[in-house]
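Report on the structure given below.
Chain nomenclature is as follows: A, B, C and D, assigned in order of appearance, with residue numbering initiated at 1 for each chain independently.
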Amino acid sequence: MPSGSFLDDYSEGAHPQILEKLLETNLSQQKPYGDDEYSIKAKACLREKLESPDAAIYLVASGTLANIISIANCLRPHEAVISASTGHILVRETGAIEAIGHKIIVVTQENGKLTPEGIQDALDKNAVYPHMAKPRLVYLSNATEVGTIYTKAELTAISDLCKKRGLFLFLDGARIGAALSAAKNDLTLADIARLTDLFWIGGTKVGMLLGEAIVINNKSLAEDFAFHVKQRGGLLAKSRVLGIQFLEMFRSNLFFDLAKHANELAQLLSTGITEAGLKLEAETETNQVFAILPNALIEKLQNEFHFYVWEKVPDDKAVVRLVTSWATTKDQVTAFIKELEG
Amino acid sequence: MPSGSFLDDYSEGAHPQILEKLLETNLSQQKPYGDDEYSIKAKACLREKLESPDAAIYLVASGTLANIISIANCLRPHEAVISASTGHILVRETGAIEAIGHKIIVVTQENGKLTPEGIQDALDKNAVYPHMAKPRLVYLSNATEVGTIYTKAELTAISDLCKKRGLFLFLDGARIGAALSAAKNDLTLADIARLTDLFWIGGTKVGMLLGEAIVINNKSLAEDFAFHVKQRGGLLAKSRVLGIQFLEMFRSNLFFDLAKHANELAQLLSTGITEAGLKLEAETETNQVFAILPNALIEKLQNEFHFYVWEKVPDDKAVVRLVTSWATTKDQVTAFIKELEG
Amino acid sequence: MPSGSFLDDYSEGAHPQILEKLLETNLSQQKPYGDDEYSIKAKACLREKLESPDAAIYLVASGTLANIISIANCLRPHEAVISASTGHILVRETGAIEAIGHKIIVVTQENGKLTPEGIQDALDKNAVYPHMAKPRLVYLSNATEVGTIYTKAELTAISDLCKKRGLFLFLDGARIGAALSAAKNDLTLADIARLTDLFWIGGTKVGMLLGEAIVINNKSLAEDFAFHVKQRGGLLAKSRVLGIQFLEMFRSNLFFDLAKHANELAQLLSTGITEAGLKLEAETETNQVFAILPNALIEKLQNEFHFYVWEKVPDDKAVVRLVTSWATTKDQVTAFIKELEG
Amino acid sequence: MPSGSFLDDYSEGAHPQILEKLLETNLSQQKPYGDDEYSIKAKACLREKLESPDAAIYLVASGTLANIISIANCLRPHEAVISASTGHILVRETGAIEAIGHKIIVVTQENGKLTPEGIQDALDKNAVYPHMAKPRLVYLSNATEVGTIYTKAELTAISDLCKKRGLFLFLDGARIGAALSAAKNDLTLADIARLTDLFWIGGTKVGMLLGEAIVINNKSLAEDFAFHVKQRGGLLAKSRVLGIQFLEMFRSNLFFDLAKHANELAQLLSTGITEAGLKLEAETETNQVFAILPNALIEKLQNEFHFYVWEKVPDDKAVVRLVTSWATTKDQVTAFIKELEG
């Protein structure tokens, strides 16, 4: 691949500080299965940032595992998940949630987001007792699959509805770094801990080799959580690998700094595109830019840069997706814009 | 309930001939678990009507069991079902298919029916390997959940597409009697056996106490089927109870006679409604009538008759559903029409 | 088969009173899915005999369904069942419990029975957190698979241990009629309701066409039970079929009278065998007789009677199993004994 | 922990060469989800060593995932696994295999190993069609959970039986490095590829941060394997993390060199123990030493070294487990022996 890839935010390895720590700690002998000192310290750091001293935290290797384990822990066999039609668990995880036995009730999305009205509608349409699975958990992502973010007011409204209707609220945070570092964002990690029953913090897409941290705030859901981590294959013998990385990310502000960097370069890219007289498909809120470009221009750009063509649109144009990451440089963005204008 | 119920086609027990046979055979000692002589004879009768001497046939106690067992037998964990948005497995079986691990891919329906275009669209939208579950089985019902039927041309087109694309075709026949006895129908049991990989013949709604017969035509799907029947709780110790009933239904033409009776009374009802100057929500093809009645009339009718109010519509009206059965009498229908006109 | 079958207790149809009631009520229009008046009355009768006015009761079509539904309702994915090595769920239900996701921890049995010591040992050996599934439900059968019964003292000791250790106690009552009608029995239905969290009352083997009644005494387990009945295919449209039969069995003492008849004929058979100078493999406690007969005698008996040869033993002998039922007559037993002696 | 840990073979990070490669390749932009160039090269290297140019290979993050994914891929819902009573999937994976729906049939082990006789016995005892789950896959580990290894003759005999009886043979290779580097070993990677249908090569316990390579030799099992990897959460976005490590291990002889080092130090330890007049519980075949030590000596040793006390035995003694790894030094072993003798 050419050096200027805008394909995704997981094309490189890890931020150099992460790798240095792996080296530095390599020969220290540690307990396995989550009891290593780095995992313990990383969780302590996280609890402080979450302002949630009692939160249970588990570190796992992939986002799909985080979703499988969390939902398996929360639901009985007759209970269903409510998700937006763009939800990652619905369209990109090979039926992982159904494979552990649960129906997903699909709700029309708005800019990738769920609304209280959409959830209420799903409840109304799934109430024929006992012939319909019982809605029990609301799944949403922040940032969403299309790069948008929830405001504090939006997430609070959903959280209130969930509490009122006896629904668990579960947030997929594969790109929570990007969301909380967005210019428009007014949520904090502590807000999310308070508003949800459980959620996870994605490390892979911010600059770790791998690793996602599941945070369980609702105590009634925490008791036997470790069994599910093990049963689904999520408990690493060398849990230190995840602990060291999360500790490095959260002992300082590294996690948010890296996410902010990616967001800012996406803004730069976005501005460059509109200043070149081209249109965006959607406002750029995080590190994903959706732009409408003429096919001829796309072809030319593809000689130098890698990115996905998302969708054909009329008039010989297409929507392209451009993703920035911790590793994207200002020079790459400038080169792209230059090529646009040329 | 008042004697004039149009609530559903399972309000009474069984057709008297069925009960007589249960009595007559009661003390004969039989082998259990499907090896009784009545089950064996019933299957022989069915194979003849199916013109399929090698079909494997299993008798089970409920339609949901028939769906669970059939789908569990056919699919591996990563494989998904394609269903219309009105499909019984999707909206009235409490997530039974997801509970055994399979995603259901939802297709927009037309009059309750799937089309080749709808299936093709589902295939196109579920092709991101390996991030999406693999479409592998098409589920449809005949008659459909809204009382419509598939023509031979329609079912053949779907069957052809399934063969071409490596999909199993599975037909839920909870009301297959009504479908095959409809005035417009041009399909036979033998056609259905030939066009599908497996399907089931619903006994409960035609006039049995209980019982559905699963027919497996695709030999590659038949080999270990019995394990699934047992594993999901579908193997009755006194399998004779199902065997006797199916034998009585299919040794003569009783099954189709009863279904035809119900369809004809539905037609009578339907005609009476339109002749009274009222409208139907949909053409009456089988034993379900969907009529649009003023709310005041509905209230009056409910003093004498039982039926479901299906959906509110504008102008102080509602759609009502009226179902006829083997046990519905011409007098009941006449009384209803008289009340309409009064 | 010859009229003198001792193969099992489900060779015939139903007791004639049962069939009469099905006939008598046949045309009464009833609500479906458990809301028919017969099911409601049958449950009221049962609650009275159980001395448990708040017990939740569900009627289903087969014993395997009763086990699947009950266990699916009680357990989360990481929780396991404790069962004797002879347990029906372990050795005769095609992995039905594993198919819904649960491990079965096997305990050595004594005369087909679990003991507190055996359960305690299973707890001790399955305590490596979180690397082992968590023992959560004790499954036992009364009568057991080998025809023995639990005394009140034995069941109380197990119940006490379960309460102390946070385990649910679930009793499979496929042959609970035989157990509670045994000469040695000192338990009542009300005792069993009090000592277990949930259990089921087998109708099929006592003289119904089909039907088992699940009784849930632990209120925390009852709330969403109906969803599981539907999800696993156990909710019959014509639930009246089960309601009528259970009502007939329990509005009088019919259930226990039939079970007692079978037990008494088993005793007669058992006594005849020992008086003929032959040995029993185990004491006859219910309606199953296990006798050790010379192979030559077995061969001769098989000309006239049907029964299973259970196990070869030394000296040209074998253990045979002889089962009596509500339909077995004294004449059949006498004929068998005469043949023995001849 | 003190520097002299004999607790397990996953107390440290990774072999330094592995970490160097992660650093060296860090900024290279790569495709995700298994399509990175390192994974592709690693698989090519492995295929060469396997002498199996068509083998399908998937890299996943944990051993439990490797077991879940492999078994989910191979079995239909009614099919069961045969395992030794010491099998990891049976006693240390929290019911992971049952959680995906499969029964495990337990066979008595001999030195941690399965035998053809044991497998044959399991087949004989699980043949009541269709009331018992169908045995379909044999699971074994090499090295076993107790550190023993299979000879070529032993594995061949099992493989032959499996082929004859239509069983898949699946080998858990969490410690396959230790097994194939053992003094007594006469098997090669290529032998194992030839004798099994699928198996996995454990990286974690040899000296990788994490990573196990599943090898599928039976083509009929390979076709849709990737779906299962994704569905169970095993597909890493940054698959390069696994690819780089396996490439480094297998482009040279590093994998086997590290395993051999651990084995040799275990031999040194083992010899030291017997020369000190103490007994072994079992012969030391790989990198696990099981020794019988007096409790007083154990207490003294625990001041300086970490290890597990495995089991109490008579005469104030206990069995202890001592594990060596790529990171164990000769000095540590010498210090331990000296302390023994002191």
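Basically, contacts are C-beta pairs under 8 Å (C-beta built on N, C-alpha and C of every residue); 3 or more make two chains touch, one makes a residue touch a chain.
This structure is a prediction, so every number in the text was calculated from the model and none was measured.
Counting C-beta pairs in contact across B-C and across A-B shows that the higher total falls to B-C. Of all chains, the one whose CA centroid is most distant from that of chain D is B.
Taking each chain's centre as the mean of its C-alpha atoms, chain B lies 33 Å from chain C. Separating the CA-averaged centres of chain A and chain C is a span of 51 Å. Centre-to-centre separation between chain A and chain B, using Cα means, comes to 43 Å. Of all residues in chain C, those that touch two or more other chains are 77-78, 93-95, 99-101, 130-131, 133, 227, 230-231, 235.
Within the complex formed with chain D, the chain A residues making contact are 1-3, 5, 7-8, 10-14, 16, 19, 22-23, 25-32, 61-65, 67-68, 93-96, 99-100, 204-205, 209-210, 227, 230-238, 240-241, 306, 327.
Partner chain D is touched in their complex by these residues of chain C: 77-78, 80, 91-95, 98-104, 106, 128, 130-133. Those residues of chain C lying in contact with chain A across their complex are 72-73, 76-78, 100-101, 129-131, 133-134, 224, 226-231, 235.
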